[in-house]
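Next come the structures, one after another.
The same chain A turns up in both complexes below, where it pairs with chain B and then with chain C.
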Partner chain A sequence: MDLASINFLQIFFNGLITGSIYFLAALGLSLTYSLLNFPNISHAEFLAFGAYAAYMSLKLIENNFFLSIIIAFISTGFLGIFSYLIVFKPLSKKGSKPMHLTIASLGYGLFLRYSMYQFFGREALTYKLWFEAFNIGPIRVTSLWILIILTSLILVFLLHLFLKKTLIGKAMRALSNNQILAMVCGIDKEKILLLVWFIGAGLAGIGGVFRAGDTRITPILGWDLMIPIFSIIILGGIKNLYAIIASAYIIGLIENFSIILLTIFNLSTEYKVIIAFIILIIILILKPYGLFTKAGNKSD
Partner chain B sequence: MDYLQKLEIKVINMIAFILDTLIWIALYSILSLSLSIEYGFTGIMNFGKALFFMIGAYVSAIVTLNGLNYFIGLLFAILFSALIGLISSIPMIKVREDYFAIVTLALSECIRIILKNEYWIAGGPIGLKNIPSAFPLKNLSYEFFLILNLLLIIGILLFFYLILRMIIKSPYGRILKAIREDETLTQILGKNTFEYKIQIFTIGSAMAGAAGSFLSQYIGYVSTDLFLSTTTFTIWIMCIIGGPSNINGAIIGALFMRGIERGTRILKDYVNMPIDPNNFMFIITGILMIFFIMYKPEGIIKEKRMEIE
Partner chain C sequence: MLYKKGNILKIIAIALIFFILGILIGYYAILQQTTYVSFKKVGEIKIGVMLPLSGELGPIGSRMLKGALLAAKIINDTGGINGNYIKIIAEDTLALPEKAIEAAKKLIEIEGVKVIIGPATSTEVLAISKYVNDREVVLISMSATAEKISELGDDYVFRVVASDVMQTQAIASIIEEMKYKKIVTFVVANDYGIGLEEGLKKLLGGKIALSIRYDPAKGDYRTELMQVSSINPDAIFYALWVESGIIVFKQALDMGLENIPTLGSEGMADVAFFKDEKAAEYILKTGLTGSKPSSPKGTLGYNIFYEEYKKYFKEEPGLYCEYTYDATMLAALSIAKASAYNGYEIKKALESTSKYYIGATGHKAFDKNGDIILAEYDIWKVSKSIDGEYFFNIIGSWNTVQGLLMKKE
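Up next is the complex of A and B:
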């Protein structure tokens, strides 16, 4: 393969799209992980749920993609709240160990995924929307890709405002930093947790819609992203939201640039998942508490 | 004869159906036992069980396809899975338990993707076919074939069951429980907990490898689709339901879950179910998993209290 023939700008742009979807998918997981101290394995199913919610909205309500994104956000957000109230809240109230919560989330994930298989069938669906393709300089783009990147940028900006400027956002950060201290200061943990599950699951829902728009809708849509999402979470060190956003784009870019390497060595491009996994292993061995975490800040 | 053709016969032949069910129960009992020693006794969160199951199946298949006896294949499968378990656990064992769960899950998926994409290792997505049976006798009736297989798998199960019983009753087993309860405390007592965990992970992987080896010769083919992460989850639910900290519980769990699986398959033939039996099984599995963790985390059979001489 000739290196000069590779359109690096295009690959960079593709990396940004992948990174945007990863950021949407990973943020909610990192929020709930830092507040309840367990990796919610059923988080992957929220992505698929969002994708199907948008599909239903396109089919039943109105053929409007923007509306369907909002509906996916809201309905997946409520699914998140529902999951918390039905499964995870009773468990953490009982004082279950994080180990038990992880296993329960695994069971809940199975339940969600196979319910989706039951309702929507095994065959992959598509949105049947036409996204216009055009050139910006040397880069080939579609309107969907522009939408993905713009939405993610706006959401990053809104989240930043929310976390830094509003009282609830500050309470959220305090809670994820030091739960007991935050509760002593009079922060209502339950209210914040409900909000966190709503936002986290909702963002995953949007991520699912974008992913499905780019590929197809299947119940294992979210599960396919599980390895990169967990790599991002561990790379970002779970608690630091800005680090999560940064590592989402880092993993997205690395994955897309790794495709060049894979084609040079004549390997299947499916291996880009493995690259994310190798990064995960290297980080865990070198820096067991995440790349952006300061050495002294290890306590839970 | 193809396994699917045999399945057709099975519906007609009740004895064969029962024998086949017993074989699957014994097979999953081995897997569930191996998870029980890892998770229930030592507290290792192994979410990559399907990986070692797969390695055992593939190694045994490759060995027997090269014309060697099945029992050599079984030996190779056990040794090779143990080796992979050892190598993979050394760098991973020191990370936190939730990270360990994530890493094993990801490792299992990655190796599966490699096997699926590399045709030269073991046929890629098609897998390996026509794997010779452990009992290559001609003119063997199907029932007799099943009985021989049942004896073989029960032999393997009994072998591992007795080894685990010995481990648990020994001082070594008490150290494992101490690691599960409080790893730091055990370290203060002067035990190298990482070494113990690596040893147990290796034993667990060897057991899963043996189960995989049996599977490959019994159904006669292996492909990567048999070892999805849902396989790992099925083993987890068996372990949780039966009682993770009791070796009898692991077998009860396998019996229970296989009962549900077979039950839905029989039900499909008699009742017009509005729901796909495969989906139904997993939905029920998921609900049961949450239910047990919530109300009965110790499982059907509780952990035995330690006897003090």
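Up next is the complex of A and C:
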């Protein structure tokens, strides 16, 4: 195909949409990862849970998309706290290693996923909403896509303020840097952990609503995103909010640009993951601790 | 004297011979029993059905199952096969090859079925064909259309739907008729989609300006669709799966592709696509036109199916319902003819029964590859009725003998 005819601005914009959803999904995972030292696989199901929560809110309470996003945030946040209290806290109290917790989270995720199948049925659902499409210069957009990008940017800003300016935010950062030192200083680890689970899961809930609005609602909605989410976390390193943001958008952009490359060679767009991973491997060879972590200050 | 040493030896020798003979006869009888179960003893005859009851093709698959249930009901209501009732055992395959293998194993090893109706997709059929061949289990797919399946040769795999070799010819003749010069193909990246894409390329050559093979698990297709719009083709040919297909259509409208006419394969002739408002709007605006294996309406075979279906399920039959029905009917008739629940016998019976079977979807005679000989397609176009219902308006037909015949307006 003719390279000159490709609308690069549009691809860039598409990359921003993809990246925004990835960022919302990956951030929560990296928050709990950095404090509890295990990747919570059931995080994928938090996304789907958020999507269904919004669906129920649209159906039962009011046909208001903003309200449904807030409800998804809160209810998925509580699901996060609940999950921590009934699964991960008892396990870590009994001295489970990160490996045990990871496997437990995988099983717990399957439990959540099939509960959703049971409850909402096997057929995919869609929000009964109409998002207007229009042109901004050479770029085609819809109100939903703009909402996705704006919400992510606003949340980035709010999180930045929260982590840098508030006492609780500072305590969170302290805990993630050095747990023992932080606890010696009188930080209540349990309270902070509950808050981290709430925020992390809540953000995943919002990500789930956006992904569902963009595609469809199904219990495997989050599972489809797990590979990019993990590559973002590896690329960004788990302890750096800004690195997670940057790598989410990097992966989003790489994916969208690689589609052009793949169709030129008449290959399936399934291979976009391979391109993303090749780039990931190259970056890791050059920067083994993630793109934004200095070698002396490596995260574990 | 009876108790002479030589006599004892003789008695022992004779006893030994009878003993060995007895074991052989007993063994032979057991062998007979496991492979040739007499019908009078079984009470029910199992027919396995493999369909995507959830996931990507769930919306279509769950309605196809009703075709099989209807065939079983009709046979059972009229006394079954020699008084044995047909029992349909349905397994969900999610249209995934790995799940199809699991489902086939379960049906064959645990349920002990000798006939399987399905699976629905070509990828699944190709994944399990060796497994069923090795175990001599007859497979009758209702909707697997990929060309590759014919290449499996003389085996236990049959299908009541024509190969895509035929369908690509039908679609190519629509493209000729409409005088489209520049086409983009947008297909699902599996045996089905790629088969159609390559078939069309063979027939149309240079008219295909761009081919996109999309990943059904990806969930956003903006960049793919943007490429389509930058080519600005005369028409887009879609061969999509349902759930990802809805997303493609929805985002195609978002990307402003509503002015490019669309063509589609048979898989798109299903109401499931209208579930999403935007997808429905896109389909209608672009006048989605396509082919689908025809069920000759008005024939006695189809009318029986249609009336019974409406009576029993109180809804219109969906895509491939009548094909699932015919596959199940053929299976039951072949079991009856074989008069033994044995894969090899059923296969032999199926080959001869099919020659004389004219069902809801027409004459189902198989060739040596297990493909049907006669291929006929309806040409449909999506329309909206006055009361807001979407439907597939039949605007013409295509068959192997006469080619494309468009209805006069």
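In this text, the second predicted complex is superposed on the first by the 285 of 300 C-alpha atoms of A that agree within 3 Å, B and C clash if a C-alpha of one lies under 4 Å from a C-alpha of the other, contacts with A are read in each partner's own complex, and residues count from 1 in each chain.
Keep this in mind: a contact is a pair of C-beta atoms (placed from the backbone, for glycine too) under 8 Å apart; a residue touches a chain by one contact, two chains touch by 3 or more.
Bear in mind that the values here come from a model prediction, so they are computed numbers and not experimental data.
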{"item": "Superposed partners chain B and chain C on chain A - clash or fit", "value": "clash"}
{"item": "Partner chain in contact with A:S96 - chain B first, chain C second, else both or neither", "value": "first"}
{"item": "First (chain B), second (chain C), both or neither touched by A:F111", "value": "first"}
{"item": "First, second, both or neither for A:S268, with chain B first and chain C second", "value": "both"}
{"item": "Chain B versus chain C as contact partner of A:L284, first or second or both or neither", "value": "first"}
{"item": "Which of chain B and chain C A:N135 touches, first, second, both or neither", "value": "second"}
{"item": "Chain C region in steric overlap with chain B, selected from 61-69, 97-105, 151-159 or 223-231", "value": "97-105"}
{"item": "Intersection of the chain A residues that touch chain B with those that touch chain C", "value": "117, 267-268, 270"}
{"item": "Touching residues (chain side chain A, partner chain B) in the complex", "value": "37-39, 87, 90-91, 94, 96, 98-100, 102-104, 106-115, 117-118, 223, 226-227, 230-231, 234, 267-268, 270-271, 273-274, 277, 280-281, 284-285, 288"}
{"item": "Residue ranges of chain C in contact with chain A within the complex", "value": "53-55, 58-59, 62, 189, 209-215, 217-220, 222-224, 226-227, 230-231, 243, 246-247, 253-256, 275-278"}
{"item": "Complex contacts: residues of chain A adjacent to chain C", "value": "1, 5-7, 10-11, 14, 17-18, 117, 122-124, 126, 128, 130-131, 133, 135, 140, 142, 145, 211, 214-216, 218, 221, 224, 256, 259-260, 263, 266-270, 272"}
{"item": "Touching residues on chain B, where the partner in the complex is chain A", "value": "43, 45, 47, 91-92, 94-99, 101-103, 105-107, 109-110, 113-114, 116-117, 229-230, 233, 236-237, 240, 275-276, 278-280, 282-283, 285-290, 293-294, 297"}
